[in-house]
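In what follows, subunit A forms one complex with subunit B and a second complex with subunit C.
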Partner chain A sequence: MLVVRVLGTLAILLVLSIIVFSMLHLAPGDIVKNLLGNRASSPEAIAAIRAQYNLDQPLYMQYLIWLGNALTGDFGQSIRLQDSVSNVIGSRLGITAALSGLAFLLALVVAVPLGVQSAVRSGSWIDRFATGFGIVGLSAPTFAVGLLLLYVFAFYVPIFPVYGAGDGGLDTLWHLVLPAVTLALGLGAIILKLTRTAMLRELETDYVTFGRARGLPDRQVHLIALRNAAIPIVTGASLVLTFLVGGTVLAETTFALPGLGTLLQGSVLFKDIAVVQALTLLVAVTIATIALLADLAYIFLDPRIRAKESAQ
Partner chain B sequence: MTAQVSVTALTIDGPAGVVVAPFDFSIAPGETLALIGESGSGKTLSAKAIAGLLPAGFTARGTIALSSATIELPSTDAVWRATRGRRISLLLQDPFTSLSPVHRCGTQIGMTIDAASATRLSRDERTARITRSLAEVNLPADVARAYPHELSGGMRQRVAIAAALATDPELLIADEPTTALDASNQGEILDLLRGLQEKRGMAALLISHDLGMVRGRAEHVLVMRHGEIVERGVTSSVLNAPSHPYTRALIDADPSLTDRSARVVRGASGAGVSGSAEAKATGTTADSTTVSVDATADLVVATAVTKSFGDKTVLHGVSITVGRGETVGVVGESGSGKTTIARCIAGLERESSGVIEFEGVALAPGRASRTPKQMQIVFQDPYSSLNPMISVGRSLKLALRVAGRPASDLNGLLQLVELPADFASKRPAELSGGQRQRIAIARALAVQPQLLICDESVSALDVSVQKQILDLLAKLRVDLGLSILFISHDLAVVRQLADRVYVLRNGNVVESGQCHDVLTSPQHPYTQSLVAASIHEAAPH
Partner chain C sequence: MSSTEAIVLAKLPRSRRRHPLAVWLSLALLGVVTFLVLFGNLIAPDATAQSILDSLLPPGSPGHLLGTDELGRDVLALTIAGAASALVGPVCVALGSMVLGILLGTVSGYLRGPIDFIIGRWTDLLFSLPLLLAAIVVAGVFGAGYWMTVLLLILLFSPSDIRIVRAGVMEQAARPFVEAAQMLSLSKARIMFTQVLPNVWSLIITNSMLNVAFALVAFSSLSFLGVGVAPGTADWGRQLTDGRAIMIDNPAAVLVPALLIIGVASAANLVGDWLGQRLTRTGRS
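For the complex of A and B:
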């Protein structure tokens, strides 16, 4: 069954690659002009572009050559930045990955324990605080939160830097704190809500009562419940993670971080098609991988699903 | 010899006043006290109060005196933490839900062991103690590696017992420990508990709604009704000479104590109906045997039906016939395939092979080939089969609309199931289990089906309510000329209603025939053991 799932993911990615490839041909305007950008359109240049993109070949050959190159990491040239697409993306990938990772980690570390406590002490002040936090986190737009945080923690109380990615290492981490918190607030709110709901349901079950009835410590009983609530939480977290990939654009813009989000924004505005293609494909692969990992996590988390998988 | 466990002036207050009136009891080491009552009587609340697990809104008063400690109720969390597991353990009703599905059985037993031991156990030591715990409940050591879903209901309850007793408590409270199990497992589990009790000198409080089960397995019995103890005494004298009318009624309503024994005795002696208890217990059921069954016209004929889920085959060519106006019982334990065959006939499962004919016409697998007027199904759990968000009247009107009947037929429908007209405005949450099941039956009958399929429709109900629903079905069958396919794990229930019976085991029909014949002279060893178990259960101890 595992094989089927991996093959399914690959099939989806293949279809997506066709759509991404078609972007070149579907983009409004003359294809050669789009690819030339603001370069002079001398006959030599046009001939060079036609040769580079194999525009004289039949369409399916163009796709196959493009796909073959893409698989080896060659997405062509960025006309805006006059560099190879892989270099352009490679130089920005790190900052976006660090930002997403940090935001996701922050969200998990705060939201899951808070969600558990909120369910265990349902109705207490901690529950009310968590509910309030959830509402704020869900309803506040990312850029507004970003601006607010900048105002408070970089302007009034200047502990964090205002913009940029820093000089690498700890300095970069320091620069990423505010944008990560900005992103984590929205993510955390969703994970918090999911954790609380899932935990409330588990705490009602017989096995929790039986655990208490035979004298297990509260902590252990809560862990049993959390382990059983893991599937909805993992599902939620994986969905949230895919949203995060899009959400970085806003945070990176607000905090002027040179990541993939700002790159995507600039490339779309500039019709830098090769970069847009590569980024779209990268996002698609990331999301498909996250979904696949979540599916695998179910098998790992629930022995009943495992049994069903191996029976088929 | 350790001192006995005694509970003094146990009282439970609910949001609207006292729900359980003060009562005392004491249990000697190794002995069992049975607390009998129907749902809503307060017996489960009493059990939870003694384990310190009352739901929010309820508080307990009174004193629990154990040999090692005395607990004044209401008590603090700290006291309960030191008490639960180590001194008092509570075993729950349903082994299908009381174990965590994602933890291995050994881990769950190990958790109890860790919780009660003062020092951190080594890995080997813990494994050894888990193995010992499993051996005590007659399970092999490799069960520790299994997840609950890999075990049968009886095995799961054994694991739960091992987990509950791993800390060697003084008092075990068992809340309906066998209600969710099949007849063949019930006795074994109770006898196992009894053996463990004697070995450890552990007192047990056995909560049950089933008087028959208590016979021979408890020294003393308390009968609780509406939060009050109405009768108490030595088990055999309470069962043989009850002084309170409620106890009398419970004994009368219990199929294992009256109908069951009376019929078996009658069958064995070949004599006719005798004794007022028999007549009273069967009531309208006795009349129903006079219903004319047109055996020449079969309504449903299922031939060689097989069904597999993945590589697991649950039906190996089952053939069942239901005649017009006939009531057919299908008996078997869980996993026998009895529910699957019912669902295949209803079109809720698609059979893998075989033919299901209705009035001589073969029906394709699945629901599309069936019309609502052909058949309707009444499920086991009346708590989940009705939509909690809409009123009973609205549920029934929806069903009437399906049948193209006017909404004004609503009152007639409620009358049919013997409920007053003002029930239409109630929501399911306001109704008792029996009333809900009546509504579920009314909803099924709204479309005037020819066949009513009852899948364990009375097994979630208390015995006295069970009897009322069986009487209702018997009456409906006469009044409406209904054919009924009645699925149950309980031989005693089936024999009250069915003309013919099929005994299912592991997806095969092992025996079938007229209900009376099968019960009085069972041919297959499995049927013999089922009948013998019911006689054993009913026999005076």
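For the complex of A and C:
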């Protein structure tokens, strides 16, 4: 079962890598011109490009060489930033990691307790508030929320900086607050919905009734229910992650943060294909890995599945 | 987007009363916006007309209720005319994805076997990439225009429709009436599309309503990033990109389209949820 799952993930990544590779050849315009970018197209430069990308080799060899290089972290040169793709990505990874980490933490801290309360007090004002928050959070595009927050907290009541990433350390953290809150709204809505649905289901089970009948305090019953509700919540992690990827691009663009999201946007508009390829592949691998980890966590969290796994 | 699927499938275990007021408000908003989509061009015929003399007027200026942007375009007129661009695409995406979902989902769920396997792997593949990322990359690198972006999003939205229809069809296919139809030796196509499919409609309609909401978000996100909609077009997402720089001079240029996008997406989402609860309670046995 697990082996099948891993093989399936690898197969999907392989197909995706082929698609990502062909982007270079399918992009409109002459491939050499695309790779040269703004550089002068002297015969030497063209020859250098042809050699560097092995354009004279058959297509499948080009793919294999490209894949080999990609696996060792060599994605070629960014024509827009005149630097190696790995350097460009490395220098921007920190901001994106900090932003998504902060947003995820915020979302988790608010959405899980709110989801539990909203399930426990189904139909109360807190449930109504949570449902409303969930619907708006799910529907509102990240950039629209970001621009509203930007207007209110950076122009109308100037507490937070307008944009940029600050000078590092605490200043950067301060600059990341608004974008993180923006991202956390959407993330939180998803986590809230997952938590509420899972908790409602758990609260209707026999063991909860039994625990109550035995006189366990409500708090303890809810904690036990939450532990079981954790399974669908964790399996929903890939959902959260797919939202996070799109959301980061939008939040970074809205607040002009120099992270991977703005890098992607800039590279796409400039048709800096090497960078786009690297980022797409990076995201695909990250998502596949996390989805796989979520499945492992599933086994870890549910003793019934663990027993079935080991029996096979 | 797999979140639509999760929301449709993760139905609440017991029926709960929805706040009818919120649903009525949502329907009213959707009605007004539909009116703007249909007749916006008549109300604001020359929304993109520029006037350097009137640039950057604040909201409430004479003749310009919501002020103007840096090119002197009237924000109210732009917003009215922009409704069409912001909504026609998403509705087409939801419809196209619905058609693909019905065809592939029914075939996949009823026939099973190798066709089901191929369609299943296809949806797996599309699901493994975040929708927005795939759309940005493909539409951006290939410089797709408006209708190409619609086609692209149909493709990217279809896996959730396919899976939902497939799950519904599989549930129905095990029921006695299907066996009865097989006994009467109805053709497979006839059983699939005239016997099984009508029982899955409630799921399909609910999901399509939610798809409109998510497609609106995806579409406006793309035009905000500068992909999909040509510069200078009257479009809500585009207005946000252009308006970001003039937020201090004319906040209405950003706030009005932003609130409209949030409002319409939330309204579509709410109505979709509500429809889902109404239809699944009465529609399915």
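What we mean here is this: the second predicted complex is superposed on the first by the 306 of 312 C-alpha atoms of A that agree within 3 Å, B and C clash if a C-alpha of one lies under 4 Å from a C-alpha of the other, contacts with A are read in each partner's own complex, and residues count from 1 in each chain.
As a convention for this text, a contact is a pair of C-beta atoms (placed from the backbone, for glycine too) under 8 Å apart; a residue touches a chain by one contact, two chains touch by 3 or more.
If you're wondering where the values come from, they're calculated on a predicted model, not measured in any experiment.
Novice: Tell me which partner touches more residues of subunit A in the superposed arrangement, subunit B or subunit C.
Specialist: C
Novice: Contacts for A:112 in the overlay, against subunit B (first) and subunit C (second): which applies, first, second, both or neither?
Specialist: Neither: A:112 stays clear of subunit B and subunit C.
Novice: Which partner does A:287 contact after superposing on A: first (subunit B), second (subunit C), both, neither?
Specialist: second
Novice: Classify the contacts of A:226 with the two partner chains as first (subunit B alone), second (subunit C alone), both, or neither.
Specialist: The answer is neither, since A:226 touches no partner chain.
Novice: Using the superposition on chain A described above, determine whether A:251 touches subunit B (first), subunit C (second), both, or neither.
Specialist: In the superposed model, A:251 contacts neither subunit B nor subunit C.
Novice: So, A:130: does it touch subunit B (first), subunit C (second), both, or neither?
Specialist: After superposition on chain A, A:130 lies in contact with neither partner.
Novice: Which of the two partners, first being subunit B and second being subunit C, lies in contact with A:301: first, second, both, or neither?
Specialist: After superposing on A, A:301 lies in contact with subunit B but is clear of subunit C.
Novice: Which subunit A residues qualify as touching subunit C in the complex?
Specialist: Where subunit A meets subunit C, its residues are 8, 12, 15-16, 23, 26-28, 122-123, 128, 132, 135-136, 138-145, 147-148, 150-151, 155, 190, 193-194, 197, 200-201, 204, 232, 236, 238-239, 241-243, 245-246, 249-250, 253-254, 264-265, 268-269, 271, 273, 276, 280, 283-284, 287-288, 291.
Novice: Would you mind writing out the residues of subunit B in touch with subunit A in their complex?
Specialist: Result: residues 51, 53, 81, 83-86, 89-92, 94, 97-103, 111-112, 115-116, 147, 149-150, 160, 163-164, 166-167, 310-312 of subunit B touch subunit A.
Novice: Can you name the residues of subunit A that touch subunit B in the complex?
Specialist: It is residues 205-207, 209-217, 220, 224, 227-228, 230, 301-304, 307-308, 311-312 of subunit A that touch subunit B.
Novice: Would you tell me which residues of subunit C are touching subunit A in their complex?
Specialist: By the definition above, subunit C touches subunit A via 1-3, 6-7, 10, 12-14, 16, 19, 22, 124-125, 128-133, 136-137, 140-143, 213-214, 217, 220-221, 224-227, 240, 244, 247-248, 251, 254-255, 258-259, 261-262, 265-266, 268-270, 273.
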